[in-house]
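Here come two complexes built around subunit A, the first alongside subunit B, the second alongside subunit C.
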Partner chain A sequence: MSPEHIFGLTVSGLTVGMIYALIALGYTMVYGVLQLINFAHGEVFTIGGYIAASTLIWIGVDATTPLAVKVLYFTVAVLVSLVLTATLGWLIERVAYRPLRGQTRIIALLSAIGTSIFLQNMIVIIFGPQPIIMPTAIVPTGFVEIFGARIRILQIVIIVVSLLLMGLLTWIVKGTRIGKAMRATSQDREAAEMMGIETNLTISFTFVMGSALAAIGGFLVAMYYGSLQFNTGFLYGLKAFTAAVLGGIGNIPGAVVGALILGLAENWGVGLSLGVLAWLLVAGLGLGLYFQLVRAPRQRISHIADEFRTPAYERQVRNVYRFAPVLAVRTLLSERTDALVHVSAQHALRLMVGNIIIFGLAIVFFASGDMQFASKWQHVISFVVLMAILMFRPSGILGENIQEKV
Partner chain B sequence: MAAITARISSFFGRVPRWVYIVAVLAFAIAFPMLEYFGLMQTLWLRVGTRALVYVLLAVGLNLVLGETGLLHLGYVAFFAVGAYTTAILSSPRFDIQWNFWVIIAIAMGLAMLFGFLIGVPTLRLRGDYLAIVTLAFGEITRMTLNNWEGLTNGPGGIPGIYPPQIFGWTVDSPAEFFYLLLVTVVIVVWLLNNLKNSRIGRAWNALREDEIAAHHAGVGPTRAKMLAVVMSSGIAGLAGAIFAYYQQFINPTYFLFMQSVIVVSMVVIGGMGSIPGAILGAVVLDTTPEIIRQTFTSWLPAAIGPDFLPGVQAAMQTEFDRYRMAIFGLVIVLMVVFRPEGLLPNKLWRREMHEEDPRELEKTGQHLFDFEEGTQDLEV
Partner chain C sequence: MAEVILEVRSATKNFGGLKAVNNLSFDLHKGEIVSLIGPNGSGKTTTFNLITGLYEPDSGDILMQGESIAGLKPGQIYARGISRTFQMLRLFSNMSVLENVLVGMHGRTKANVIDCMFRTPRMRREEEASIVRAREILAMFPGRFPLARHTQPAASLSYANRRRLEIARALAGEPRLLLLDEPVAGMNPAESMEVMRQIRDLRDAGYTILMIEHDMNVIMGASDRVIAMDHGIKIAEGAPVDVANDPAVVEAYLGRRGADTAS
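Up next is the complex of A and B:
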């Protein structure tokens, strides 16, 4: 396990993470505005990649094309893909979601799934079931050595492009009029409407922007892996949504952070030996213990109303976290506990179970030493991450940012 | 036109319910006999048997999706758990043949356990999370079945599952499986119908309508939802176990995400929260593609001549599934946009979907809520 190897894995983790982030941003923005999981987003991503790749195939690029012309073709492909995919995003919202405003969530979600299946099968019907191959001539090749690791130039391109796009998005959301309208709409649609904001237009704009980002993500994936399949978007969509939940749904920086963590976790998880992963688990255990013993009780105690605050009461709450399993179970079983202690006990028990699981895994991993997860388990890792985050911090790492109306 | 449909629907509304039940049951019991007397190809008996498996899945999913209002997108995973339990415990793979009842119990128990494990982190949260986690769980289950070759033989699947023996009766022909499934469906539907009108059934409906209000009226949301998820997982496990016996061979491709979606669309198209709807949805969606396929590949060519539209015939054999899925997607969208209550709707759902339409109130009747008149008095 050389440091170069670890660095290389980190860079590819960040690359994949950036692509997840581009997709996750679309999920999180739509969720913020409509409280709807836009299932069709994964398909929009695939279609973006397909359109870009087939435009390039149609133009016809080969190794003899001069660089300037290549750049021109490249730009044309990106633009075509952006425009068509953004239109598709707008159309999806118009046809499948807008008629359902005001219906229950489950209905809208079903419509989203129907759209997703329809689009996925339309890709097969239009482009055929075989994967579409990206013309290799357009893809930047070559490597650079950084810290002794061979890094593909394409990886650097992906990371830089994604960072630029995220900067652009942040500027749009924070610094422009339409961004302000988006934030207002996601806070309270009715109130925003009363203030003279065209909420329908704003929602459409959100879909257009999310789809455009996904289209670029699709293009980058097609370049990175050389090909795209009709069902690529399904898995990417799932993971990007996981990333959005991980960072806190509705939270734009959260989506990026969650996506990067997920990308790293996947690449480290199958690339590093169990002995090395065990050290990561030890670090995680440290964090978990910090949460259990310091952060959580402190936060809980700060919620005690002043007139009830006594040192004995504070100690009781703190002890529930400290001696979690025994005391927490006893507290939960006893009938004479007040709500704060009861909630603390539940929370402490959850944290404790998590820490015990991490501890057990760390020991198993240390004992397994040089063994490694086969790469076919890669997708399982993101699922485990999703379950863990839902179990212990459902609001995500940076906290969710949606206004729920009762 | 509207008057005619109204008269027809009022005629069907006046026929007592037991007449429908008896008619459907009589048809189901007579169905395998048509094959026995040579009136029908064995193919259709197989289609019917598979439809019964889907009926079981649809009524099981209806418990979660229709009654409780939780979107469950990994239902096929529990089906897979049941099927693989049978395949592993009663096949030459490990050369064991356990008792039918033991296997059914293990299959249901395992599926319920997985349902519980999925429910623990997600049911406390907003409903959408259950959708995404169950979806992911479905995919992970399939990947695990594909990758864990020591147990499941990976993509190769498990062949040669032994036929079940129930009290000395060896079930090994399609007709016998049809009757086995029919009995199972009747029992499950009867139990679910009783549950629907019980205390917990009403709690589920209350949660679906308004979770916060239900919580404040004394329904523990997590516990009630957990019960629904665990029970429907058990039904899927049962369906899976019988399916594996019937199929005699299973591999991970039987348990794709699309299967979950198909079951969801059965419930949606039939009418969420309505058991007859779920049954109708399952039967219609399972048999229609076969009918269309047969129409184009054998019936029409036989009637018109073998030269009938050669392109269509070839396309039907290769491309058909793809169009079928695309149409499924489209039908789900159209259905939720134009008729969200489904074909055989549950009364409560229909009213909820058409709150703004005064005719619906008349049609479904004010008597749905006895307290409604009282509240009107108060307001006056």
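Up next is the complex of A and C:
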């Protein structure tokens, strides 16, 4: 297992992760403003790719088209797809969700699933059941060699374009008026409305932006894999939704983090043999031990109120983390402990168990070092990652967008 | 007497069979502080929700400066110059202190996405003006919002400062009428007195204030007039001392307390 191979897998993981992120952002933003999971979002993604691809097919590009003209066609296809898909997103909210606002959540959820099925059928009706093939002439085909690994130029394009889009989104959300309205609306819609924010407009804008990002995601996937099917969006939507939950639903940076973790886990998981994964686990164990022995006790000690701070007390708290199994259990079993030590002991035990699990897995992986997961395992891996992380952090890696209501 | 700024005319609001506000009428005059008092559940917050458009009255009418506002959307009523604070704080807690005040100004600024994209001069002027105004408003609470605090998330503020920030956010709407729902709830006596003084300053600066309050010191010390409610009905109205000694009011508080201990 060469470093080049690992680097190549990392780039593939980032590429797929970026695409997941573009879709996941739509889920998470809509969840933020409406507390609704827009199940039709996966189809919006597919349709974005379909529109871009069929625009190019309709224009007719082939190998003889000069580069400048190709760039022009490419731009036209992106614009057409952006406009139509954003309009579709806007329409979905107006037709499928807004009339049901104020009803129970399950009704909105049914409407979301219905819309998803409806759109899938519309794709089949309009574009036919066969997959749509991206004109290969428009796709950058070159390779570059980085650290000895052959990287497709398209992968770099995907990563760079996604990063630019995320930068743009961050700026819109953080730096503009409508972004402020979005954040206010997602924290407390009623209060935002009472401050004169047009929440309906803001919600529409959220759908438009999410759909535009998904459209670009669809286009990128169509270029990356060469084709799209009417149901491609189902799996991508599900993965992106998983990524959004992983990062903390409603949390915008969380969606990106979750998506990248998922993309990397999938590619490392199926591309590497267990022996290499074991080394990753060792790195994870190092991080875990650092947490247990250094970070966590230091943080806990900084919470001691000044009037209680004595060296002996600090040592007691630190020891709970150092000698976790023995001392922590004894602390938890003894009758009289003060609250801080008790909480620390529980925390230390949890960290300890996590580290032991990682250690055990690393041993098992080392023992069967040559084994490799077949690529059929890809989806299994992503859901195992999801479950594992949610078990320790139910609200996702960066935490949910918490609603504060009266 | 100064001009009437708000008229509530026989407003009624039912929740199922419960008449939370029942045939309620009162006037507010420009530049006065009126306290709305009454036992828990007597309909005070519901009255606020009616005035600010969160609920529409089932019958009756509400007039702001002579024009009916019943049935308008909350945002429209806000634009007409009525802002409020909430009994349970409802700040945008992930947003910075300054941003919270800026959100309060949202309806007054016009820049759209296109303006933002191209950072048009109009938009930049407007943005700078809003920030200057927001800092001015925060400076109305001397020592409470130093510059370094402006960029911190609202959630990081102390409880009393969060209550102050809610008032600041309400002021950002440049209201003529300010509705304060229990502005000193949870504050210690010194903090309460400070807020009370601030409320009086606001009145002297020309704002009209309707507040829901339980703290007797604040009610007596700050209000020009008191309206007492019970079971959604107005049971007394007048000078603070008169209302506090009104037999119906005493009865409402004592009667309810008796019922509370029984339950």
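Here, the second predicted complex is superposed on the first by the 322 of 406 C-alpha atoms of A that agree within 3 Å, B and C clash if a C-alpha of one lies under 4 Å from a C-alpha of the other, contacts with A are read in each partner's own complex, and residues count from 1 in each chain.
The criterion applied here is as follows: a contact is a pair of C-beta atoms (placed from the backbone, for glycine too) under 8 Å apart; a residue touches a chain by one contact, two chains touch by 3 or more.
Source: prediction; values computed, not measured.
Using the contact criterion defined above for the overlaid structures, shared-chain residue A:V364 touches neither subunit B nor subunit C, since it reaches no partner. Looking at the shared chain after the overlay, A:P99 reaches subunit B, while subunit C stays out of its contact range.
Between subunit B and subunit C, B touches the greater number of residues of subunit A. When the shared chain is aligned, subunit C comes close enough to touch A:A184, but subunit B does not. In the superposed model, A:S111 makes contact with subunit B only, not with subunit C. Contact with subunit B, but none with subunit C, is seen for A:H379 once the two complexes are overlaid on the shared chain. On subunit A, the surface touched by subunit B in one complex and the surface touched by subunit C in the other have residues 406 in common. Looking at the complex, you find that subunit B touches subunit A at residues 65, 69-71, 73, 120-122, 124-125, 127-129, 131-133, 135-137, 139-140, 143-144, 146-147, 212, 257-258, 261, 264-265, 268, 319, 322-323, 325-326, 328-333, 335-337, 340, 352-353. Interface of subunit C with subunit A (complex): residues 52-54, 73-75, 78-79, 84, 86-88, 90, 92-95, 99, 102-104, 106-109, 111-113, 116, 169, 173. For subunit A in complex with subunit C, the touching residues are 172, 175-178, 180-181, 183-184, 187-188, 190-198, 205, 401, 404-406.
Residues of subunit A that touch subunit B in their complex: 35, 37, 95-96, 99-100, 103-111, 113-122, 124-125, 129, 234-235, 238, 241-242, 245, 374, 376-377, 379-380, 382-383, 386-387, 390-391, 394, 406.
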